[in-house]
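Just below sit the structures, each encoded as structure tokens.
Both of the next two complexes hold chain A, though its partner changes from chain B to chain C.
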Partner chain A sequence: MSSILDPIKNAISVTGDIVKFCGTVLGQVFGGRVFQFFGEALRQSGVLILGSALVIWSLAFILGLTCGIEGAYFNRSTGAPAFSGVFAAWCDLREIIPYSFGYMLSAKVGTGLVAEIGAMRITDEVDALEVMGISSMTFLCGTRMLAALLVFPFVYLGSIGAGYYASYLAVVQQIGEVSSGGYFLIFWMFQNPTDLLFSVIKALSMAFVIVLVGLYYGYTAGGGPVGVGTATAKSMVLNLVLVHVIGMLGTQLFWGANPRAPIGG
Partner chain B sequence: MSESAEQNRDNTEELETTREHDSQDGGQGADAGAQSEADRKSKVRGPDADQDAVEFIDVKKTFGSNAVLNGLNLGLPDGQISMILGPSGTGKSVCINHMVGLLYPDEGDVLVHGESVPNMPDDDLFEMRKKFGVLFQDGALFGSMNLFDNVAFPLRQHTDKSEEEIGEITHDKLKDVGLTAFGSSMPNELSGGMRKRAGFARALCLDPQIVLFDEPDSGLDPVRTALLCELIQELHEEMGGAYIVITHDILSARRVAEHIAILWKGKIVESGPAKELFDSDNQFVRQFLAGEAQGPLGME
Partner chain C sequence: MVRAAADRTFLPVKNFLEEVGDMMILTGKTISSALRPPYPYGGEFVQQFLFTFRLCWFPLLISTVAFGYAAPGLQAGNFLVLFGALDRLGGFFVLASIREFSPFVCAIVLAGVAGTAITADLGARKIRDELDALQVLGVDPVKNLVVPRFLALMIATGLFNIYALLFGIFGGMVASLTFNAPLGPFFATLLNNASIPDLWGSVIKTTLFGAIIAIVCCYKGMTASGGAEGVGRAVNSAVVIAFLGIFAFNYAFTQVLLATHPEISILK
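Moving on, here comes the complex of A and B:
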């Protein structure tokens, strides 16, 4: 009996540890303690922008292109090619761009945090910080969380832009069955600033969870290089699960009861 | 100091002789059995707040079922180079972690300049740690920074000095350890010995009152070990303070130690001035300091 319950107990214990850890990190950020290392937070912001923005925007562009092509051909088959902009508006803003943002952050930023901080942990660099009188939690985790807060809203807005532009290229320039004006008429009709806000909330929720999970697994890594590898894999699995949970909850909450579309008068 | 710490301190002498020999000898050392309690007391230096930089008072620490520190009583004097010697896996590095508050004892107390480390609030603990410079086994340099930035890091974090002043101090410290030409090198471009020296420079840059060395000789060839020991001595003569070296290298102990404590099975077997320890008639101490196979210490 106990062996059946062990994994459940373990999962609850890990969840409790993660929640406690997240509370501490967020306390460092919102309590203002992290600002004593604001320079480091800015450096981490630079690392995020230079290391992640382009690859995230590239993925968003590719998926926006795909979404535009599929939407255009589907609408042509139903005899309504002028409505191709609906796909771009909904598919891009509500689902594809948030998910692509979550996937790429999990793969690039989340695992990067685990590997970097985990390696620092096993080579005594975290202890070295502590014995210098510097809180490693604030310096390593608080600054990276603050950097994420500073950078990701803009990176995400850039992703939406990349996705939109790619969809426009696919529908109007590549397939070309709808004029630019006709495309934008429908495209903007099927979204408004509230949708944009919901999309940003959904994607940034994913982003901050991904960063927190990465920080947790990195900061608590142990057991040498193998331990860091295991922690990296665990963080990736958990982040992918959480990205989909947040995606599903976001869609249900924001658009589940009301499609927020000018359909049916 | 807390009342319990005071009580612990009062009992120190008695606790210090908590008969390591009972556990050490295990029936092997007939001489040790005959040794009087008074004799042994005189050869174990207990905590003394007037002179000690760091004191362990009846410290116990267990990891799972493994009792690493088993009622450790130890005083490490200020102004001297002290060495904690002992076989591998006997709790030497755990001692360092207790001194700087990276680990807390399950029982007992650890005092740094008379202040209880386990009872410090976090902010006081971070402040207290500024007294320390620590040289980790592999240097623990930050892999994302070059050597210059590594050494300058504590100055940038803890002082309001201008970048020019920081540059001068950093340059001086790198010069002290013979690494001026490598300021722009990344840690992974350096040899193990160079990383240790760089770690030493970083440990010294805030002019700490206590410097801890965790096995500074590990992985070094005998010549470089000798050079590092020389460097430790020179810098101690220049800067003073308490230098505490964790090692199991007897040659290093002969070269630099002024005070020696020998740790085994989580307790101090004997401690005192280096000369006295090297003349000790304790079987374990004699075996360990002579590096002989015959004696109370076996492979177990």
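Moving on, here comes the complex of A and C:
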């Protein structure tokens, strides 16, 4: 009996640990204590921009291309190729670019944080910080969280741009059944700034959950170099599930009851 | 000065190309040593296969139901309700679920869950010098470690695609029910539009995704280095490369399938 209940008990206790940890990190950031290390936060922002922005945008670009060709072929089959813009606008802004952002962030940033902080933990650098009188929670986790808050809104806007450009290339330049003007007319008609805001909220909730999960698994890593690898793999599993759940909740919340389309009524 | 600038620009490119070349060599070695006798990898193959199943079934279930319910289910359902044509949602699911999102959610989860576990496992063996020890004992690591993982992941990804597809369609059913629509028309249009090329295209695509994941993750695990941070870094870069590889391949495959089989994109 206990063998069946053990995983459940374990899951509940890990969840509790993560929530407690997240509370502490967010307290550091929003309580303002992290600003004593603002320079470190800026350095971490630079690391995020230089190291991650390009791969995030390239994934958004590739998925924008896929959205574009699926949309073009689908709308050709309905006999309305001029309306490829509807498919591209909804697919890109509402679903695929937030998901691609979440996927690449959990792959690149989430696992990167676990590997980095986990290595510090098992080589006792975290304890060394404490000995020197620096709060490791603030210096390692708080600064990285603040860096994520500073950088990701802009990186996400950039990835929307990459996805839009890719869809345009796929529909207008590659398949070529609709003119550039016709595509953009429909494309911009089926979205408005509120949709953009919803999309940003959805993607940023994914981003912050991913960063927190990465920080948690890195900060609590143990068991030597092998332990860091295992913690990295575990954080990826949790992140993927959370990305999909947040994506679903976001869609349900923002567009579930109201399609927000400029037609019908 | 010029030399330094050129190094700075081209060194990453050169490293990247070298890495891709190494992965291609590993692919060739894996395939040739999988086919050439003897075949000592049976037990390891079964073990890896079951390991993948045990690890992936739950994350994949949640992911596909969530994706299927929200992205194609709610968004497309909302759009179709405007035209009073919600029964067409089933037909849309052929495009959305069978052709696109089931394969790629399946590949993402397999890469994120099984692929990272493989890299962490092989990386740990590499930095504890176990792989070198194997070679000293005259055991070929490619034949005994990479081949079973390669085959297991290919077959598991292909099979999991069917599983992802069923749960994706289940998500669509739930979405259809939230619009208070009967399920009969959903399945009628789904089965009308589903075609054999869609299904085999989807299965072949995911099998090849599995091959990409296995090669990238095994390569990164077997070349892990640099002590404590090494294994974590290896997992990190393995999953990034696997994601980019999967989606680039997905785009090329979808384009080829749609262009060569025009009959599958006709709505019935």
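Please note the rule applied: the second predicted complex is superposed on the first by the 264 of 265 C-alpha atoms of A that agree within 3 Å, B and C clash if a C-alpha of one lies under 4 Å from a C-alpha of the other, contacts with A are read in each partner's own complex, and residues count from 1 in each chain.
FYI, contacts are C-beta pairs under 8 Å (C-beta built on N, C-alpha and C of every residue); 3 or more make two chains touch, one makes a residue touch a chain.
All of these numbers come straight from a predicted model, not from anything done at the bench.
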**Asked** Since both structures carry chain A, what do chain B and chain C do when superposed there: clash or fit?
**Response** fit
**Request:** With the two complexes superposed on chain A, say which partner A:237 touches: chain B (first), chain C (second), both, or neither.
**Result:** second
**Message:** Taking CA centres after the superposition, what's the angle at chain A between the directions to chain B and chain C, given in steps of 10 degrees?
**Reply:** 100
**Fill in**
Partner touching more residues of chain A, chain B vs chain C, is chain C
**Request:** Examine A:119 and indicate which partner it touches, taking first as chain B and second as chain C; both and neither are also allowed.
**Result:** both
**Message:** Quick check on the superposed pair: does A:8 touch chain B, chain C, both, or neither? Answer first, second, both or neither.
**Reply:** neither
**Message:** Applying the document's definition of touch, where does A:134 land relative to chain B and chain C: first, second, both, or neither?
**Reply:** first
**Prompt:** Now for A:66: first (chain B), second (chain C), both, or neither, which partner does it touch?
**Reply:** second
**Asked** What is the contact status of A:108 with respect to chain B (first) and chain C (second): first, second, both, or neither?
**Response** second
**Item:** Least Cα gap, in Å, left between chain B and chain C after the two complexes are fitted on chain A
**Value:** 9
**Request:** Determine where on chain A the residues touched by chain B overlap those touched by chain C, and list them.
**Result:** 119, 123
**Fill in**
In the complex, the residues of chain C that touch chain A are 55, 59, 62-63, 66-67, 69-71, 74-75, 78-79, 81-83, 95, 99-100, 105, 108-109, 112-113, 116-117, 119-121, 123-124, 127-128, 178, 227-236, 239-240, 243-244, 247-248, 250-251, 254-255, 258, 265-267
**Complete:** Listed in rising order, the residues of chain B that touch chain A in the complex are 97, 100-102, 122, 126-130, 132, 134, 136-138, 140-143, 153-154, 157-158
**Message:** Taking the touch rule as given, give the residues of chain A at its contact with chain C in the complex, in rising order.
**Reply:** 55, 58-59, 62-63, 65-66, 69-70, 73-74, 76-78, 86, 90, 94-96, 99, 103-104, 106-108, 111-112, 114-116, 118-119, 122-123, 224-226, 228-233, 236-237, 239-241, 244-245, 247-248, 250-252, 255-256, 258-259, 261, 263-264
**Prompt:** Which residues of chain A touch chain B in the complex?
**Reply:** 119-120, 123-125, 127-128, 130-135
